[in-house]
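Take a look at these structures.
Each of the two complexes below includes subunit A, the first together with subunit B, the second together with subunit C.
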Partner chain A sequence: MSDAKETQKDLQSADRDGGNSQGAGPPTMSVAEMLAAARGEKADGQQSPKAAQSGPAESVATPALPKPVADRAAPAAAAGAQGTWRINLFETVPLLKRIMKLRSFQFLVVLPNVLVFYLFFAVALFGNPMGNQNLMIMIVWILWWFVLIVFLVPFGSRVWCTVCPLPFFGDWIQRRELVRVRPGKTGALKNEFHGGTRPWPKKLRNIWMQNIGFLAMALFSALLVTRPMASLFVFALMVAAATIFAMIWRLRAFCNYLCPISGFLSLYAMTATLELRHVDGDVCLKCKDKSCLTGSENGWACPWGVYVGKLDRNNYCGLCMECVKSCPSDNISLFLRPFGTDIHLKHYDEAWKAFIMLVLAMVYSITLLGPYGWVKDLANVTWTGNVVGFLLYSLCIILACLVVLPIFHLIAISAGRALAWKEKLSRKKLFIGYAYTLVPLGLFAWIAFSFPLLLVNGSYILQVVSDPFGWGWDLFGTAEVPWTPILPDIVPYIQTVIMMIGLLYAIVKGYEVARSLYQERQSALWSFAPTTVYLCILTSVFLVFFTG
Partner chain B sequence: MPQQSFSELTAEEVLLLAIDVERSNGIRLRTFSELFVDYAPDAAKLFAEMADEEDEHGRLLEATYKRRFGEAQRTVTEDDVQEVIEAHDLDDGEHLVFDDMNLRRALQIILKAEHQAEAFYRQATRAASDPELEELFRQLAEFEDGHVQWIETRLETLRESA
Partner chain C sequence: MFDKIIAKLALSAVLATFIGVPLASWYYDSVYLPESELVADFARLDANGDSKLTPDEFDSPKLDQDGDGALSLDEFRDGTKVFTFYWSAKKGLSLKPINGMNYWYKGSDQLNEIKVREGDRVVFRHISADVHHGFAFPAFGIPDPDQVDETGLLYIRPGDITKVEFIADRPGSFEFNCTIMCGVKEIHENMRAKLIVMPAGADGNLTQVSLPEVDASATAGLIRSTGEAFDFESLRGHVWVASFFFSTCPSSCLTMNQQIAKLQKTFQEQDVKFVSITCDPQTDTPEILKLYAESLQADESNWIFLTGDLKKIVEIGNETFMVPVGKKTHSTHLILVDRQGMVRNTYKALDADQITGLRKEIVEVLLEEK
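Now for the complex of A and B:
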């Protein structure tokens, strides 16, 4: 500390002496401009993707466009983090803000879901054991899955987490409140928390467990969609885990690190046309308490441990709206933005998530929709009793997700790296960076998989809502609706169009990633070329399965 | 008080603002220290040390103010000016989700804020038309430079030991 102490002494003596003027040169910038230049930030207070990637030490020296601070507060339609348009929904629809600010907001939207969820438990226990005659299977695995993939995630980010019933008891245990907030002090957090207050283990602060959880669930997908008791078991396990985690570890450790649904949501929420972000970056810089993260007397600390002041992607924001209430400066809003705005994966576990999700979209399409009876037999171990076949099937999927696709990816990025030899980037940077291309492609592959699922099985849904337990009821007069697949002949065409849109987005967004990694346009093009080819090949494989 | 531009402040107001900046940074850094104490203890320790340092500087500036202007009758806070002078901040929204805070990153975060503050005061020194203000800015720049040197030395030591 000696240097700093010396400076203090200097200041005191300089103060006493009156000091010497060392100023030189006329002023060429306004004070606001100097500050902006000194901060090396973009005008809206957010770092450019390049600055964000280059790390703090490099960004210190990065000059940037100066702009008067007064102009920085984002107007209703303003430039987003990547320089694209975005619309401040709280400003455009003030009623929405009022609703989100209600303390009871989340409770009111979760409660009906909790009730329906436990009704499903009853249906699984006492209803028809045949999957296509059971309300739980039809609503959860067909309708919910379809709505989640086709609408909620692409347009609402993690809005499912806003209404999710799984962490209900865990939150209740930690907060001892359903609606109100308890100001107080729990470590760095400014709320009174109960239940688990331990930090989640350092070594597990990643999403590998989520990856494995989702993969494990997928291996048993054939069982889950045909046996209500199997689904009941998995959901009961998830509720129990979410509750036990809340009793041991602080905040939403289950959601952050284990929930398999979160794995899906966190990855594909990056593409969503909705984001929760701060409005004015300078307000966050000046903010002393960081209440969005630490909580306040008006809102709970962020359950996901996210700091909105520097939030630049959707992955881990569960849209619970606590920060909207706790921010003392009213500096958080929901924004509409273009599809696929967040384009940066940050870690290997996220890259592998992209591999796993893409392969599983293919596996589901083959197993659940494809004409390959023998694959179905291998997956349906409880029907066929073919344990060896099932193990083989599982091994193939695991290898495809964890080894084969990553190797293809590595080959593509290595080829690109060699082609862009003028600007050498680390393999790691390219591997993780270009893995993002599998996010739009994967999402559209899931959408392509989900469409026929609903079109073919939709009539079963009509049946089970009228007769949820399979006890011969006919509540809405639809119990006897015959099984009617909708437009089965044009399904492959719909899937082809969807996959082509996915490919287009993957290429466009991948090129954006390339441009953010490389200084030279030429290098970016060369580097991304092999990945483009591999994306086309992947899409072709999907099309073969969908149309074959 | 409606937000003013920094360039409109008097010497007295600049000093009051500098006091508030130091105090506010003390609060921010202490919060960061508490946030990371469980899984990045060395970073947390650094944040705590820097918080003490900012508090100490705040007290020093208060003494300077007292000698020059007597007992402070009012305050000028960061919120009263449009610009951000020095605000320590995390550099990622997901630090607490992932295990990516460490001593080096904490030093870099602090260095960034100190650099910005120093650069700002140096620019302000050159821009000042009033000699009294110019001298005050120069002193404040020196003040921040002390921090910068100290952090850079620590980063260098860390690099060498790595």
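Now for the complex of A and C:
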């Protein structure tokens, strides 16, 4: 059986988990199913009762949850249903649209990053073995991290995925092109794809692997941020995995299901002020080809398996801009929007992502920035050789992420559920729904963590930029800049302000979630009250660690 | 149109990236930087009137022309030899770059000695691969008072290149070392090497090096553990091995002296004497040295323990034996002196291979005519 036939068979397989995303989650359906669902049909061509009932623009992913904000927004509206504004950037800045429509766009933005990553690898192998003298460590874990968490994610959604060099070789293998697009047919896709054509295993169509990956990386954070070779090992593993995945599974299986950075971005991109969406929903409804998903002669099939017609959250759109090129109706654009427009988590894996990320923000703050030498010793197992201590440290983190915080969360939502007894909602709905409150809180906790990282260690960046290998170079005359911590005395105050903003943001957004869950305002208030207390407690714990 | 151009150039751009990064790094580090650095050095030296070579005469740098690990510019025309040392609290002292790739591997390329010729201008470039290290080369007046900070130490800071230069104005074997407790004691104490200065015209054979003679008059005033006054003149005609220690040291001194105890047993029938000088005379009075000698079961007839004025002892270490000595800090080298009072060689006491070498050379020296 040819690969194409196998792919076709895979695509038409009815054995899927029912599709929870419709372009709003990591693809849990085959492309054929998504196409069918997008057209309001079952994969076998029958009309889907749910689709018929709900309409194609409504998420069928969360029947228990109310309609997401974006679903209720009028197509191409300048303002959302809740009075939120949106600015069509392609209309406002036509040059931006022209740039995004360039076939060479992604290549041109990824290539410099490939070069930089390649330089990082060289520096890790041949440069100074100490982190503060090594370009890779300073740029990746201080500068990149700061820029990512403070600017790119809150303002650019998953724009990092646009320029990410990790899947460069995988894409190259699958497309056999660096710039051009190959029209053709690969299963249900309208491009000529090479490399892997198998569908990703059904049971793994979630972000649990990303959760575990990020957690595992975090356990070795002390090693990663101080040893260039450890970082090199992880990044080399990620490049290798992205490439191998592309040779086995179709599209960006690595990015969708394994990349720990992708998981991190998927969660916090929900808060971003940038989104890629369709302009006019009716155009998508009438569109037969669904080229944004399947590709065309102008653009590759969506590497993320997202159908823009029903895209209602930023979580799983990697902003590669292929759909902008492939859409025959020019119906896809970038929009500017208010912070925190996507407010709905939809699955347990996403809820646990929020738990893990919040706890890890705390763990990083304690281990890397805190004054607790004994914690650093426990984390730094390669230096101390204390394996038992490290295992204990790891166990505590794993338990805190996976068990302790979820239990506190469960207690809070159970109390809320009891208080809002007039309107009974399932624990699952509340558990997942209110877990969103940890997204803004977590984002601001990470921002609070990142500020001292840059302020205290920023001067090292000037040094390593001039002397990337630590070989005594002075390319830009900044190699001799002494270590100069900036505003170390007021860092705790900055962190306090950031955390308070995060708390406020979490409460406001949490209340929005509550209002979307409950019909009655009173019930929403009572239901959300214990979660508010729990958010305040979490913030207080952060403040204790930040202010010492 | 633009896309078509980029599409045509894309593969070349990718290949250029993968080839260009290492090529540019190599060129900058191995060609451009040494050239500009040495030109700068020579220009500076010219301004002082010390160098015979002007930038105009500069051809191109010859990288390690003679394969001795030294980066040299027209080595024999100007006589300047440039060595780059890599210091690491984990790997020790090496001429090979210590980087991310080899830092975590076990084993090391520990440097033992380098060679120059008498009259050479020598430039040492020190690079730390990890923590702060210190550098001292007392035989050539390094550190210069202008280079040290308030602690009196010359630091090798990570991220910097610490440069020192001097004229190898006399033949001999001279030791330099790390002067800061930089990490694990065993590694720190091994972070030392010798500069062998060969007489002009020598072909590199160590035996042709004229070694320093022990100045007996400079050693007057030392006191034995028996309470008797002592000077090195009494050792003339004997083969002897000198070392520095202090009795309260729980690790390297003890190991070193246990090694000497074994050597004493090996050569107890021969005309070999051992001289151990304390570098903590305030604590190590003759009485304490007596007890210390007994604890080592030393035969004090040919193992002499000495104390005295600290200033004098430091002077003996730094100037007579050319090894770094300070209060409670000292070289762990054993210094072999022949019957004529000439320093023949130095050996690391904590290195089993070097001790084997010392045994062999003692035998050779014993076989020489009196």
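One rule holds for everything that comes next: the second predicted complex is superposed on the first by the 467 of 548 C-alpha atoms of A that agree within 3 Å, B and C clash if a C-alpha of one lies under 4 Å from a C-alpha of the other, contacts with A are read in each partner's own complex, and residues count from 1 in each chain.
Everything below uses one rule, namely that contacts are C-beta pairs under 8 Å (C-beta built on N, C-alpha and C of every residue); 3 or more make two chains touch, one makes a residue touch a chain.
Predicted, not measured: the structure shown is a model, and the values here were computed from it.
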Of subunit C and subunit B, partner touching more subunit A residues: B
Touching partner for A:Q133 - first (subunit B), second (subunit C), both, neither: second
First, second, both or neither for A:Y118, with subunit B first and subunit C second: second
Which of subunit B and subunit C A:A479 touches, first, second, both or neither: second
Touching partner for A:E520 - first (subunit B), second (subunit C), both, neither: neither
First (subunit B), second (subunit C), both or neither touched by A:M229: second
Partner chain(s) touched by A:D330 [first = subunit B, second = subunit C, both, neither]: neither
Contacting residues of subunit A [partner subunit B, same complex]: 1-8, 10-12, 14-16, 18-27, 29-32, 34-35, 37-40, 52, 55-57, 59-60, 68-70, 187-188, 199, 202-203, 205-206, 256, 282, 284-286, 288-290, 293-294, 304-313, 315-316, 346-347
Of subunit B, residues touching subunit A in the complex: 3, 5-7, 24, 27-28, 31, 34-35, 37-39, 49, 53, 56-57, 60, 63-64, 67-68, 78-79, 82-85, 87, 89-99, 105, 108-109, 111-112, 115-117, 119-120, 123-128, 131, 134-135, 137-139, 142-143, 145-147, 149-150, 153, 155
Subunit A to subunit C touching residues, read off their complex: 102-104, 107-108, 111, 114-115, 118-119, 122-130, 132-134, 177-180, 228-229, 232, 463, 467, 469-473, 479-480
Touching residues (chain side subunit C, partner subunit A) in the complex: 2-3, 6-7, 10-11, 13-14, 17-18, 21-22, 25, 28-29, 33, 97-101, 103-104, 125, 127, 129-130, 158-161
